[in-house]
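Letters are used for the chains, namely A, B, C, D and E, taken in the order the chains are written, and counting of residues starts over at 1 for each.
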Amino acid sequence: MKKKDLRIYKHPILGDMPEKKKIYIYFNEKKLTAYEGEMIAAVLYANGIRKLRKTERFKKPRGIFCAIGRCTDCVMTVDGIPNVRTCITPVKNGMKIEFQVGLGKWKKKIW
Amino acid sequence: MKNKKIICRCKEITEEEIIEVIKKGIKDVDGIKRALGAGMGLCQGKTCTNLIIKIINRETGIPIDKIRQQTSRAPVRPISIKIISE
Amino acid sequence: MEEKDLVIIGGGPAGLCSAISARKKGIDVLIIDENLRPGGQLFKQIHRFFGSKEHMAGVRGFIIGEKLLKEVKELGVEVWLNSIAYGIFKDKIIGVIKDGKNTHIKAKSIIISTGATENPLSFPNWTLPGVMGAGACQTMINIHRVLPGKKVLMIGSGNVGLIVSYQLLQAGAEVVGIVEIMPKIGGYLVHAAKIKRFGVPIYLSTTILEGVGKDEIKGAVICPVDENFKPIIKRKKYIDVDLICIAVGLTPLNELLYQAGCLFTYKGYLGGLVALHNENMETTVENIFVAGDCSGIEEASTAMEEGKLAGIAASEKIRNKKWEEEKEEIRKHLNDFRIGTFGEKRKLSKEEIIKEYYERIKT
Amino acid sequence: MKELKLDEKTYFNKISFPSFERIKKGPVAIIECIEDIPCNPCETICKFGAIKVGFPITNLPILDEEKCTGCGRCVPVCPGLAIFVLDYNFNEKDCLLTIPYEFLPLPEEDEKVKCLDRDGKFVCDGKIIKVIPPERNAMTAIISFAFPKKYYNKIRSFKR
Amino acid sequence: MEIPERTEIIIIGAGLMGCSIAYHLSKEKKEVVVFEKRNIASGASGRNGGQVIQLEGRDKNPETIKARLEITNENNKILKTLEKELNYNLEYQKIGSLDIALTKQEWEDIKETIKAQKKAGDKEIELLGKKETLQLCPLLTDNVFGSRFRPSDGTINPFFLTHGFAFRAQKLGAKIFTYTPVKKIIRENGKAKGVELENGKKVFSDIVINATNAWSIFLCPEIDILPLRQVAVVTEPVANLPVYPMEAFIDGDAIFTTTQTKSGNLVAGGFRTQARDREEHYDESVEPIELSGSSAIFKRIFKGLGDICIIRSWSGVMAVTGDCLPCIGRYPETKNLYISAGFLNGMAYGPIVGKLVAELIIYGKTSISIDIFKPERFYKKRINWPKFYNYTILAEFFARV
């Protein structure tokens, strides 16, 4: 686990990473440690997960591209809702994040 | 798909498709949007507009400042129905 | 509908400075920012800024950000965070999503300081995970503090490309190289020297042919180009990388200006289409002002000065007073910045914008 | 593939590089800033008035080598990290170069390091003499390291 | 491409009508030039939900029902094979359409409409009760009373349909000039001679066709066609939702929802406009209240879609004639001038109307009667349109006349 952690804990300019409350999220059922205030995509990247979804037309994988919520490349299915921009959506304890295929499926019952 | 260059990342429109439409006489961003749907995806053309302008410029020789650009309409970010309808 | 004197959209360096200068004139100011904290790109700028003493030269961007935030707080500027100004409608009505609620604000005056967006560069496989904007990468390492890749190829040797490469080194990544299609680097030599002395090669007259990888980026093919920028394919070279960063310039973010009905002009040296404005930063729509990168790509330092200028000019109209001397002082500062290799061209473009403003406002 | 090359020639004749006479006399600042950047903290910080930028602030900094004492205050304030202090007479065989350093982990005093030229190429071995921790200069550490005198104009960095 | 001095046929407007006519004429080897003020499909052809609905509204007049059905039936037939014919992906899907009742009164009206339409010879439509309606579309609000279902209706990508015609027409030799506004139609001695462009250039032709829909009155002022502004919102693409082109009336406004494209974007909109006078109906900006109001349609009609995001809004202008039916045919008192305008629901007409206008020009008659649409009925007739109007006011106006 530690080995794959790509967080920058020590930084020559920014100093040590501030202490934050530890929480857990699930990526395709896999339990991951996250810290309060982190963005979903950042937690996944910290764990070496860069493939966030597969596109509709050419079935190609996508990851983070703009990191500020504009390009919508990082969208995933979060708590049953597809197309959530994970680079600007903070994690919540117990959040369920799923790899999105194409337009995704509404896991959340909508009717 | 191999070596095809995607231009509109959302709708996965390729450079080839755009060039084909330019050859049919479409020479501005809005026209390409209407003909192909490029720039009509989730991000609403935020990433591809500049690339499309460059392709039009390269294919037609029209100076970049003369190529008509895409318009913008509210909302500039996706906003859920339950919020925006209030 | 709530009514406000002055609404500033975008709380980056320009927006914060305009808020401060307007608040000091006694104006009720509201800043709307879509992030969890204001400061815009300042918080990912961990390097020291150029400039002179009056302009906090030598101070790191994020420290400047903290200073501005403190001042904004002390002055009692209202700040709506995590709030999206999703549209500007007729009669200066702004649609805002705040705390998950849709509200509308009618403003007497609006300053739009929404900043810029990164230019894309398309090549085969540029959609794979592991290709991202240099600014995006900077956000990842300096804001989210996560390394998005360990072996990095940077495309573009402008200041952004050079600075982000340096910051990648600081974050612990290896920068395998920087490729630049032009025969010389785009940014300042001092920034290039900073990374060169740690062994990062900068390849000139070189471009990227494609990203390599099936599910993620595993490598890149780079290739020298001839004087017409055509790749000399037989000299292409494969390099092992897991992250490709694109740093090929910025474009002003002018969607809201467009919606507000502002007129535009194209200025290559300022990053593309920019809203016409006068020497007070007022656009062709009365009482809508523009400041910072969205009025033309420059530096944070100029953004801050433009912000101050717009803030005072907007206050003048609201209060029906004149602070010409103060504005003149700021314009002088702006001119101080707009010198040198990059500054001169921008200064000319800015002058053209003002000239065109007066020509087009007549018709 | 054509690479950007940086060496002493890049800077020679373009800046007021201290004369060898002056270098031999003792610590002196070396300013490798050769572009018209609107920037002047080096001028502002120098107590001795040894660095002149003047107006406009895009002027290249000019070093008055007689006034410069090699105090090194200008090293951490340069946003371009382009100022170094060279003490040619550190000891009989080695000179001492003081550079700004913004990486982790910091080297330790007496640590052996590999000295690099402006292109990051290995030139010779050297030794860390002094480390001023980053906290003192807004997170820029100041490192002084020693290496053979003959490379005084070649070496600008080190790796561990 | 140079603008020619003269040509056989000039079409004004590169919307669906203009492009469809251009295609059908080019197919018959006619020399066609199209002038368009903006882009292909910039007007109503690019600002609609893509619904192909044969009898939109609640027509109870047996005569118009018959005429409309005859022509739109033929349109559906064309659509079946059009993709192949144009060699262009049109995203056509025949999935049926619903007219839903959200109040008891609406439900009575729908039942009456269906009775009238069946009586007039429509064999296709079905009346669905609440249970059947919800079975077909479980997303609908439980407040629904019932619906009218027409299985042969559907949706099409309006952009692609218009471009499909335009590109094919170009391939057959038609010349389309975008951003080339026409100032006026040159008429001499009771004859159309060509057009004068905004830039002053004159282009002469044997025949001129006005296909500018809401802008028709600026070129042919003798027929008073009214612009009617429509506003809509588009959602993010959503997979596999059982959504059909739907019509309904909410608070006196005609509204619609549909899937605009096969990629799954939902569209909702209607004539919920803030525009007042004629001028304002041409305004293509969207007001905050229109944006929220149009988005609210989703909540009124469906349940549980609240988390889906709106990504875009638009407004566009449709056209209404004095009897809500289009004006198609020879222009009275001016030889060689034709008009095809006044459409509220162009997708159900465009392909066939293009064919019929071409027939009329080439053979002097059409394979299907278009008498009911003949321009004479409003020629030089002053219509006392209300000065300030929206859909509701117009509905009252039509009920009165």
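Definition applied: contacts are C-beta pairs under 8 Å (C-beta built on N, C-alpha and C of every residue); 3 or more make two chains touch, one makes a residue touch a chain.
Here the structure is a predicted model, which is why all the values come from computation and not from measurement.
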| item | value |
| --- | --- |
| Interchain contact steps from chain B to chain C (minimum; 1 if touching) | 1 |
| Subassemblies held together by touching, chain A left out | one piece |
| Given chain C and chain D, the chains that contact each of them | A |
| Chain pair showing more contacts of the two, A-D and B-E | B-E |
| Most distant chain from chain B by Cα centroid | D |
| Centre-most chain [mean C-alpha coordinates] | B |
| Centroid comparison with chain E (C-alpha atoms), farthest chain | D |
| Length of the line joining the C-alpha centres of chain A and chain E, rounded to whole Å | 44 |
| Where chain B and chain D are represented by their mean Cα positions, the distance between them in whole Å | 49 |
| Averaged-CA centre spacing for the pair chain E and chain D, given as whole angstrom | 73 |
| Of all residues in chain C, the ones touching two or more other chains | 34, 60, 87, 89, 95, 102, 117, 127, 170, 172, 259 |
| For chain E, residues that touch 2 or more chains besides their own | 236-237, 263, 286, 288, 291-292, 305, 307, 309 |
| Set of chain A residues in contact with two or more other chains | 11-13, 55-56, 60, 62, 65-66, 69-70, 73, 83 |
| Chain pairs that touch, as defined at the top of this document | A-B, A-C, A-D, A-E, B-C, B-E, C-D, C-E |
| Partner chain A, residues of chain E touching it in the complex | 138-139, 236-240, 263-264, 302-305, 307, 309 |
| Chain D - residues contacting chain C, complex | 1-4, 6, 10, 32-41, 44, 56-58, 77-82, 102-104, 116-121, 138-140, 156-157, 159 |
| Complex contacts: residues of chain E adjacent to chain C | 285-288, 291-292 |
| Of all residues in chain D, those that touch chain A in their complex | 102-104, 134, 139, 141 |
| Complex contacts: residues of chain A adjacent to chain C | 6-9, 11-14, 17, 37-39, 42, 45-46, 50-52, 55, 60-70, 73, 90 |
